[in-house]
Amino acid sequence: MSTTPLLKVKNLKKHFPIRKGMFGKTVGHVKAVDDVSFFVNEGETLGIVGESGCGKSTTGRVLMRLLEPTEGEIEFDGKALTSLSLEEMRKTRRDIQMVFQDPYASLNPRHTIGKILEEPLIVHGISDSKERKKKVNEFLEIVGLNAYHAKRYPHQFSGGQRQRIGIARALMTNPKLIIADEPVSALDVSIQAQVLNLMQDLQKEFNLTYIFIAHDLGVVRHISDRVAVMYLGKMVEVADSEQLYEKPLHPYTQALLSAVPVPDPDFQKEQIIIEGDIPNPADPPTGCTFHTRCPFKMDICTKVTPQLTEQSTGHSVACHLYESQVDNDIKQLEGSL
Amino acid sequence: MNKKRMWSAALLLMLVLSTVLAACGGNSGSGSDKDTLVFGRGGDSTSLDPSRVTEGETFKVTVNLFETLLNFGEEDTTVQAGLAKEWNTDDGLTYTFQLEEGVKFHDGTDFNADAVVKNFERWANGDADKFPYYDTMFGGFKDDESHVIDSVTADGDYTVIIKLKRPQAPFLKNIAMSMFAIASPTAFEQGDDQFERNPVGTGPFKFVDWKTNDSITIEKFDDYWQEGLPKLNKVVFRSIPDNSARLNALIAGEIDLADGINPSDAGKIEENGDLQLIKRPSMNVGYLGLTVTREPFDKKEVRQAMNHAIDKETIINSFFEGQADSAKNPMPPSISGYNDDIEEYDYNPEKAKELLAKAGYPDGFEMELWAMPVPRPYMPDGAKVAEVIQSNLADIGVKAKIVTYEWGTYLDKASKGEADAFMLGWTGDNGDADNFLYALLDEDNIPSNNYTYFKNAKMHDLFIEAQTEVDEDKRIELYKEAQEIIHEEAPWVPLAHSTPLLAAAKDLSGFVPHPTGSDLLSNVEFK
Amino acid sequence: MNKRKRILEVNDLQTTFFTDSGEIPAVDHINFHLRDGEILGIVGESGCGKSVTSLSVMGLVPSPPGKIVGGEILYNDQDLTRLSEKEMRQIRGNDIAMIFQEPMTSLNPLFTIGNQMVEAILLHEKDWSKKKAQERAVEMLKLVGLPRADALLKDYPHQLSGGMRQRVMIAMALVCNPRILIADEPTTALDVTIQAQILKLMKDLNVRLGTAILLITHDLGVVAESCERVVVMYAGQIIEEAPTKLIFEDPQHPYTKGLIQSVPDMRYKKDRLYSIPGNVPKPGSITSGCRFAARCEFAFERCWKENPELYETADVHQTRCFLYDEGRVKPDVHNAFIES
Amino acid sequence: MLSYVGRRLLQLIPVLLGMVFIVFMMIRAIPGNPAQIILGQQATAEAVAAMNARLGLDQPWYIQFFKYLGGILQGDLGESMRTRLPVADEIWPHLAATMELAFFAILIAIVIGVNAGIVSAWFQNSWFDYIAMILALVGVSMPIFWLGLLGQWAFAIEFSWLPTTGREQVRDPVNAITHLYVIDTIIQGRFDQLWQVIRHLILPGIALATIPMAIIARMTRSSMLEVMRSDYIRTARAKGQKMFWVVYKHAFKNAVIPVLTIIGLQMGMLLGGAILTETIFAWPGIGRYIYDAINFRDYPVIQSGILVVAFIFVMINLIVDLLYGLIDSRIKYD
C-alpha cells in the first residue's frame, strides 16, 4: 500500500438552496456537505459512515461531479477535478467509477447485461467491438458470473448477482478509484459477505482504491483501512479503522458504535443511548451540530463550531473536548468508554 | 353504516326513482287543451326583424308576427291580397294600394297608410348592411342611381301610392316577400337593435319570449283583424338541430310538428298511426356546377357529355328516397316560366363518350369533383351522391377525384372558381324565375352566386328585358328562351328538385306547407 | 426452562401463494409457539417466509393470491385460521397487534396521529367517548417516550421523524393492551442510534406490560440483543429453533452457522468473511430434498432426495439437518467454521 | 395561499393573451367571409362591403386585434356579427345551460365512476371488476350520437319515462332569471317545474357522463389499487378496522388526488360544451353556440367564447389544485 494520496479533498461544500414564496426566492440552504476535507491514499479503502442525512452519499456524488460542488477543491491523481471542463471531466470519469446501493435501479431494464457492460467502453471509446465483447465476458467471469449471462436482462438476476454486474460495469474502464455507495446494504447477509469478499479480492488484483460509503459499522470496519465519520454534513472523526473502533474519540462516534447490535448474546457492552433525533439538515444547530444530543455538551459547543484537528498520528476529531483548554478530567472519560 | 344496509338503501333509492320517473313520464303530452303548437325545427332565428336578415329560420317565425302588403298564395307564389286588399297599376310605374281598415299592431297602434310609408322610409334610409334584402330586391337605397323606388306616399289613411323610377317586373312578388313586412313604427323608432328582439307587427300572433338557441314563443293576438283567426293560442318554435332527435321528440309527443325530416324516415312516419307525413312543394334545385373557365369544361361538348353521363334516377331513388323530381332546368316546375318543352339529357354513357371524343377527349380526363360537406334539402348526402357521380364518370373514362371542404370554405373556394365541378343548390326566395335564372347564371352575378362563371350575352339581354317587362306572358316567353340557351350551353348538370318533408301529429290540421318554407300558422288547429 | 404458558401455537401452518406461474408454498408446514411475555425472534433472509408467517397469524395474507391452506394457529384455544373476518377483526389490534418495517409509510399520511390512534382505540372500546380515547392516546404516546404528546395528536405523520413514527406505531399497537405484539423488521429502516432507542423501548415495554413479542428480523445482532428464543427460517421452513444463547454458541444447522459467520462483526476485523455460496432461493423454487442442499458444503446424497425433519438435538434445540440425524455433527465440523 | 392564488391568476394573463392571439389568427385563416355568410348567397357586392365596414373587417388585422384586445381589457367581449348583440349578454344563457348539464353529468360520473372504481379495486379480479372495467372500456369508446339516440328511443319513446330533448317542458316554460333552471325554479318555488328540469337533465346528463364516468372509474381503480398495497392500509387492517372503512376512509382519501385531477380535467372539458350531446338533445349550450359561430365565421363570438371557456378551464384546475392542499396537508402553497 502506497502512502501517496490519490485523492485529496479540501474544504468541500455542497449546499442545496431552499426556495420559497411567490418568486422562488432562496430562503436558505441545506448544507448537505459542509466544509469537508480528507484524502485517500492509493490502494487503500476509506470508509465513510454516518446516519441518514449526514451527507455521505452527497459527498460521493460531488467527488465524481455528478453534483457540482458549491465550493472546495478536489484533486485526483494530480488533477484538479473542480477546474476541469465538463468534457475533460467526462474523460476523467473512466478513472473514477461508482457502484450504487440499488443495483436494479441503476441497470437499464431494457438492455442486456452485455450491452450494459459494454456501454462504458463505448462512451470512453475503448477498443473495437470484438475486443469489447471479449472484455465483457472476461469481467463477467471475474465477478463470478458466466459469459452466457451477457445475453440476459437485469430482471433475470438476483440482488447479489446484480450487484456483481454493477461492480463489473465499474471495473470495465480499468478505473483507479471506485466510489461504492452503500453497495451491500440492500443485500441479504449471506450475499453481502460474498460481495464484500469479491470487492476485497478485486482490490488486490487491480490495485483499486475504494471510497466505501455505508451506514453499517460492521461492514465498514471489515473493509476499510481508514474510516471517516460524518454527522450533518461535517466530518467529526477520521482515523485508522483499528484506532477508530477501539478508541473512538468523538462522543457521536462512541454513541454510534455502542448502538450497533452485536451478534453475540454474551457480549456485555456499555450502551450509550443518545436521545432524540438527527436535527433537520435545513436548520442545523449552531456551533457543534451534535450538541443537541451530546451527553458531554459544554457552553462552548452551542456557539463555536469545532474544527477537525489531529489528536494523534492519523486520528483527527472535531470536538471541543479535545481542544487544549479543555479540562483533563473530561479527557479521561475517553478512556472509560 | 353497515355495508349491506348501504347497498340495500341504494337499491331502494333506484327503485323509487325509476317508479317516480315512470309515473311522471306519461303526462309529457298533456299540460294544455291542445291549443299550443310546438314546432320543432333545425335552427334558431337570427333576428326577429325580417327586414334585416336573409335567413329562412327567421322568416318561419316572422311570417306569423308580421304581415306584408301582399301575400303569396297558400301553396304557391302567386300574388294575393294582404294588408292591401286591392292594388293596381297602369304603366308598371305607379302602384296604388288600398289598405285594410281596422287593423291594429300588437302594441295597440293603428295600421294605416302612414305606417306603410314609414316602413318604406326606414328601409330606403338604411344601407346594405342594415337591410341587405332591400338592397338586393330594390336596387339600392334612397340616393342610389339604381334604386327602383322613386317614392312612397300616403293618400289619405288607407291608400298608399308607390312610384317606381323604372318598371320592375317582379315588383309585386318582391312586396309579398316576408322581409318587407310592415312593422309598427312606434316600435322600430325606438331603435333597430332592440326591435330585433321585440318585434311588433300586425300578424295573427304576437311575440312572447325568446330563449336563444332553444325556443321562441308567440301567442294569439286577440285584436287580430281577421275574424276567428288564429285558431291556436300559442306557438312555440323549438330548435332541435339533429333530424333524428327531432323526429324522436315528435314521436314522444313533445313537439307537434317537425320540419327537416330525413327522406329515409318517410316510411317510418307513414307507418306510425299517430303521425302524418307532410310534403312541402319544391322550390329548389340541386345541381352539379361546371366551372366553364376551367379546362376541359370550357368546351360545350364536355359539359353536355357530363349531362348524359350522370344517372339522376339512381341518385334520386337512392339518396332522396324518391322524394324528389329529376331536374332538367335550373328551376323547379312550380315557378312560372318553367320550360317544360326542354328535352332532358337522357342517361346515355355512349352518347357522352361520343361527345367527349368530339371535344377532343376520347380517353376522358382527370378532374376534381367537389362534394357538399353538409346536408341540405336539395342535397341530402353530398358524399354519397358524389360517389355515384364518380362511378358514372368512370364509365365514360373520366377520372374524378372527390374532394370536400368545411362548408364555409367550400362556398368561398367554389365562388372563386377553384372547383372543376361542384355540387350546390338553391332555394327560391320569392318564387320568381328571375330569382333562379338571373341570380344563378347571369354574368352580373359572377362570382356572387354564379360559381360556374358562365356568360352568355344573348341570355343576359333576355334577363334584363324580362326584369322590366310587366306583361307576365311576355316574361314567361323570355325565360323559356333563356332556358333553351342554358340547356344547350349546359353550364350545370341539374340534378333534382327535392320535396322537403315535414311530419306532424295526426290530430294537427289546417297546416299548409308553403314552397318558400315560411308557413303561416293562423289556420292550424288540433282536431 | 420456560414454564410460562404458550399463548400462541402455530402447528403445521402452510400458506401458499397461487400465482400465474404456479403455486408458491411461502410458508411450508411450520411449527412454533410463543410463550406469555417472551420475545421470540424469527430470523431469516429475504423470501424465507418470515413475514408471511406473521401476516398469517394476523389473518392479513394478501388474498388473492395468498391463502392459508393448512395447519392451525391457536390463540386462546381458538384456531385463528377458522375465524370469520368479523371475529378476526376483534382479535386484530385488540389481542394481537402488529408493527411494520417502514414507519415512514405505515401511518396514513392524510390523517392526524390523533385520528389514527383514536380510531384504533374506538374500534375495540366501543363505549368509550372520543375524549377518553384521546386521553388514552396521549397516555400511550407518553409511555413510548414521545415529548409533547398532547400537541402530537394534531400532527400529521410527515411532520415526524422516522424514529418518532415508529414510536407512534408502537403506541398505537399497544393502545388496547394486546397480549402479543408482532414486530416485522421494526428497526430495519431506522438509523443505528434510533434503532437502539426503539429496541430498548420494546424491551422495556415487554417487561413493563408483559406483552409477548414476536420479533421478525434479518439482523442477527438485533436477535442477539433482544430475543430469548430464536426460530431460523430458510425457504419457507423452520430449520432451527433454540434459545438465543444456544443458537449463537452452538448452532447446529450449516445455514445457521454460515449466517452467523457471514456477519461482519464490528468488534474485530477478520481477513476474510465466511460466505455461504450461491443465492438466496426464490420462494417456492426448491421443492425436493433439503432446501439448503444446493448451498451446503456438507451436503451428501440423502440431502438431495429427502427433506429432513426437525430433529431435537437437546431439550430446547431443534434442527432440520441430516448431519444431526446421522450423527455426523461432530466438534470438527463445528470447529471448521470457527477456524475459517 | 393567497399569494399562490395571486400568482396563478397572474400566470393566467399571458396564457389567455396568447390564446386570444392564436384563436384570432386561426379563425382568420379559415376561408370564408363573415359578411358574405351573414348576408347569404344573394347579397350584392355593395352589401358585403357595407357589412365588412360595419364589422371592421376592412381594417388591417393588427388594428382589429388591438381593438378587440382593448375591448377585452375593459370587460367588453365584443358584439356578435350575426345577431348584433353583445357577446357578454349572449354567452351567459348558453354557459348556464352548459354548466347545469355539465355539473349534473359530472355528478353522475363521479358518483358512479368513483364507486365503481373503488369496488373494482377492492374486489380486484372479481366478476364485478371485470364487468365494470369492460363497461369502462366500452364507455370511453362509446359513440355519443348513437348512445344519445338510443337513450331517446328507449327512455322517451318506448317507456315514456323521460323527455327526448330540451331543457324544460316548452308548454310550461321556466321563467329564466339566472338561466340555471334548477336554481330559477327553486327561487320561484316552482317545484313541479324543478322536477321537469331534472327529468330533462337525465338523458343528456348520462350521455355526457359516459366518457368521464369511464375515465374516472378506471383512474379511481388504478389509483386505489396502488394505495391498497400501501403499508398504512395494512396498518389499518391490523388495527381491526373493517374493510369497508379501510377502503373508503384510509385508501380512498389517499387515492383521491389523481382522481381529482382527472375530474377537474373532465369537468373543464364538459364545461367547454359537448357539441354532440348538445346537438342530439337540443341543449342550448356553449358548445353549440361556439360551433354555430364557427360556421357563421362570427369572429367575436368564437374568440370570446373560447376565451371564456379557457378561463373556466383554468379556474377549475386552480380550484382542483387548491383542493389538493385541503386533502393532503403535505401539499403547501406559498
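In order of appearance the chains are A, B, C and D, and numbering begins at 1 in each one.
We adopt the following convention: a contact is a pair of C-beta atoms (placed from the backbone, for glycine too) under 8 Å apart; a residue touches a chain by one contact, two chains touch by 3 or more.
Just so you know, these numbers come straight off a predicted model, no measurement behind them.
Novice: Across all chain pairs, which one has the most C-beta contacts?
Specialist: Per-pair contact counts point to B-D as the maximum.
Novice: So which chain ends up closest to the centre of the protein, judged by Cα positions averaged per chain?
Specialist: Answer for the innermost chain: D.
Novice: Could you grab the centroid distance between subunit A and subunit C? Build each centroid from C-alpha atoms only and quote it in angstrom.
Specialist: 31
Novice: Measuring centre to centre with CA averages, how many angstrom lie between subunit C and subunit D?
Specialist: 54
Novice: Based only on mean CA positions, could you tell me how far subunit B sits from subunit D in angstrom?
Specialist: Those two chain centres are 35 Å apart.
Novice: What is the distance, in whole Å, between the centres of subunit B and subunit C, each centre taken as the mean of its C-alpha atoms?
Specialist: Those two chain centres are 87 Å apart.
Novice: On subunit C, where are the residues touching two or more other chains?
Specialist: Residues: none.
Novice: Which parts of subunit D, given as residue numbers and ranges, touch two or more other chains?
Specialist: Correct list: 242.
Novice: Considering only the defined contacts, which subunit A positions touch subunit C in the complex?
Specialist: For this pair, the touching residues of subunit A are 51-52, 158-161, 188-194, 196-197, 200, 215-219, 221-223, 241-242, 245, 255-267, 271, 273-275, 277-278.
Novice: For the complex, give me every residue of subunit C touching subunit A.
Specialist: That would be residues 45-46, 161, 163-164, 191-197, 199-200, 218-226, 244-245, 248-249, 258-260, 262-267, 269-270, 272-277, 279-280, 282, 295 of subunit C.
Novice: Touching subunit C in the complex: which residues of subunit D?
Specialist: Residues 125, 230-232, 234-243, 250, 253-254, 327-330.
Novice: In their complex, what parts of subunit B are in touch with subunit D?
Specialist: 3, 18, 21-22, 24-26, 28, 31-32, 36, 38, 43, 46-47, 54-55, 127-129, 132-133, 135-136, 140, 193, 196-197, 209, 211-215, 217, 236, 238-242, 244-246, 248-249, 251-252, 254-255, 406-409, 411-413, 426, 429, 439, 448-449
Novice: Quick one: which bits of subunit C touch subunit D in the complex? Just the residue numbers, please.
Specialist: Spelled out, the residues of subunit C in touch with subunit D are 58, 60, 64, 85, 89-94, 97-98, 100-102, 105-111, 119-120, 123-124, 156, 158, 169, 172-173.
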